[in-house]
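Chain lettering (A, B and C) follows the sequence in which the chains are written, and residue indices restart at 1 in each chain.
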């Protein structure tokens, strides 16, 4: 589905020095994958890799393929790809406090006549339709994360990219969220999860570790 | 939808920005317009198309010198030449008018036409002159064609004065009467009057429009309804001196000095120094130098003084404006940053969900346009309500405001672009 | 706050103080020029019939700056100050009347022998020359600081000063008062520039002070949050932060007041910006302390 080939990237540290983050790295999300965990030490580039997969970062060497087609590495082209095929869940939820839960979820659906219905369906799927009218600041951490997940899946994307989705949650809530991920995977959505949590990584179908600027397969 | 959300969340910051910008722009406008407007205000009492600076020319002769010149025909001719030259000078309008009362025999009007009625003079009413005739001193204005036109006077009934045909030596002068004279005298009537102590026959050729008024000696609106308008001859040098001298050997001298003491309307392009230089040259050519160029009358002087405040203190006003602009810049930069801080999460989420950076930037275009339109609209409305309204200053200040809005918008878009392309590192917040 | 942050706050405050002094200078000059255009009147004037003695007895009822003129001969008049000082005198040389006996102000065209003039045989020391410039509406005028020139019996006097008409009518009810309107400004609305400039300037100064205070509070709050986690009580942090902001504010105020003193020395302007300067410093301190305190309250300590 999504293939990264020969991806190289260097970053500039705060002291002005440069460091190679990725060196001819390859990644592919296969059709038979249900979920892939990406782990690695802090600063290894896990989040950056996820941003590249999401098309939020286009400043790298190498190619990005989707369904066999090499995508043009421009912000506009990648945004269109992201709009159609990718849902994103961040650790801090990225919910907007100036609108209701339902309006937050509707943001995830491209402008269409049935966006409200889709949003409701997404909230239903994650089990929080009763919170549709609430403002995000009134939600608990777990509820907010569920809203973010609902927003990510509202447009029914093929892939959901999640960056430390349970990083700020307690174990019980984490289990709830992971169970939700399982249900969505069963419904056909593929997950790529960046995590440093062993519990989360073990729940995934495939596990990759960022090490020495490369992705190395690890057993699950 | 983002417009409503944005305005709802950030209206206080947006309103604060608008208020500050409008006030600053009004300052730019005020300072720019004031230097224009003082001259306009100065000439307000004159004709509608007057857009000049005003001075007063007077002779500076003491009584003995005055009498000496009056008795010297050559010296009087010099004064006459001086007056005629000023009148002919390009850029100068010689507005000569004087309120010498005229003494009318067997005057038919009542006391409201008397020179003492409602003025600082004593109301004498009708009295007997040396010959035993019944006479009365009544209000009159003697003026030249320039003064007449400058005042925008017009005739309602009868015919206007044929200025080139006015001949004081003929003993018969065409006159206009103020509107209140209707029913007192008729068109074509001739009156025996003494004008500048010389007996003349005055022929009524017309009545002025009701409420006719003119600028006269510092009074912006000197009404003429109860006044006799006596025209001066078109030139002094061209007069039939022999005829005048037959009537009264001293008439010419009195006339010349009366005409000399006049107001001078000067085009804006000439400043005080230019006017002085030109008069000096005319004085050199004609041989008459005993004149003084006065600043404009008292209330007009204050206008000039405040204008002088602006001009003399232009450095201070400019410094104040520059520092004020910098101050407003600092405060609006802070507000801009605050606004961006509140808009950035919205931009990030939209970008995250698949909006391109350009499309994300356009999210706030409607808000920005609303803000800038409100600022421009408020400025244009406020500036039009100000007493010192000036189209040029408004255009200039409005353009500056527009440029400020363009820069503000560009900075806002840049900030959003940077926000979207910068990866936030976890750790110590900046 | 770091050194850069302290520099930024100090810079903001100095900008505010510079504006304060500039506006003060501008406003003082404007008042002086207006006084010249109004024949030394402040704009709140009236003709009254009174004796100088009874006005002096009632002087406590009048606001500072109230004075009374009596016309003498031609362009000569005498003045008696009822309350405070006469500050908005248009002068191009020398100081205003100090109150010492035998002083006078004279226009540039008045013949002065050395520093003295004689009026009705009595000598006066000319301490200041009237008019913002030598060539002015007051170039022929003489003002004597000599209350003895006022008659002991009631005479027509020009009373001038803030709310002078109201105070006079309250002290001497039933007496006739011929109010002199500010004809020039009424007729032409001459000075539309200054009010907007001064008002905007005041608004901007206060906003800069608020911004500086908020920013200082925000920066101090970050440090305070860390200190709180190490065990230092918020109140102690607040005291330290307040002291730092107070030092910066005091330095800025002192600079402004020194600047104003220099202006007073080098020009004839009677410039007093003390209230405004202190107000700005106070606003900065108050806003920074309040924003810091509000921030610490969220720690539930």
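One rule holds for everything that comes next: contacts are C-beta pairs under 8 Å (C-beta built on N, C-alpha and C of every residue); 3 or more make two chains touch, one makes a residue touch a chain.
Quick caveat, the model's predicted, so the values are computed rather than measured.
J.: How short can a chain-to-chain path be from chain A to chain C, counted in steps between touching chains?
T.: Shortest path length, in steps: 2.
J.: Looking at chain pairs A-B and B-C, which one is connected by more C-beta pairs in contact?
T.: The greater number of contacts lies at B-C.
J.: Going by average Cα coordinates, which chain is farthest removed from chain A?
T.: B
J.: Distance-wise, how many Å sit between the C-alpha centres of chain A and chain C, to the nearest whole number?
T.: 65
J.: Where the CA atoms of chain A average out and where those of chain B average out, how many Å apart are those spots?
T.: About 73 Å, centre to centre.
J.: Suppose each chain is reduced to the average of its Cα coordinates; what separation in Å results between chain B and chain C?
T.: Using C-alpha averages as centres, the distance is 33 Å.
J.: With touch defined as at the start, can you tell me which chain B residues reach chain A in the complex?
T.: It is residues 5, 8-9, 345-346, 348-359, 421, 423 of chain B that touch chain A.
J.: What residues on chain B touch chain C, complex-wise?
T.: For chain B paired with chain C, touching residues are 20, 23-24, 26-27, 30-31, 34, 38, 41, 44, 220, 298-299, 301-303, 305-306, 308-310, 312-313, 316-317, 319-321, 323-324, 326-328, 330-331, 334, 386-388.
J.: In their complex, what parts of chain C are in touch with chain B?
T.: Within the complex, chain C contacts chain B at residues 12, 15-16, 18-19, 22-23, 25-26, 29-30, 33-34, 36-38, 132-133, 136-137, 183-184, 187-193, 196-197, 199-201, 203-205, 207-208, 211, 215.
J.: Would you mind writing out the residues of chain A in touch with chain B in their complex?
T.: Residue positions touching the partner: 47-48, 51, 54, 56-57, 75-76, 79-80, 82-84, 86, 88, 90, 94-96, 98-99, 107-108, 110, 151.
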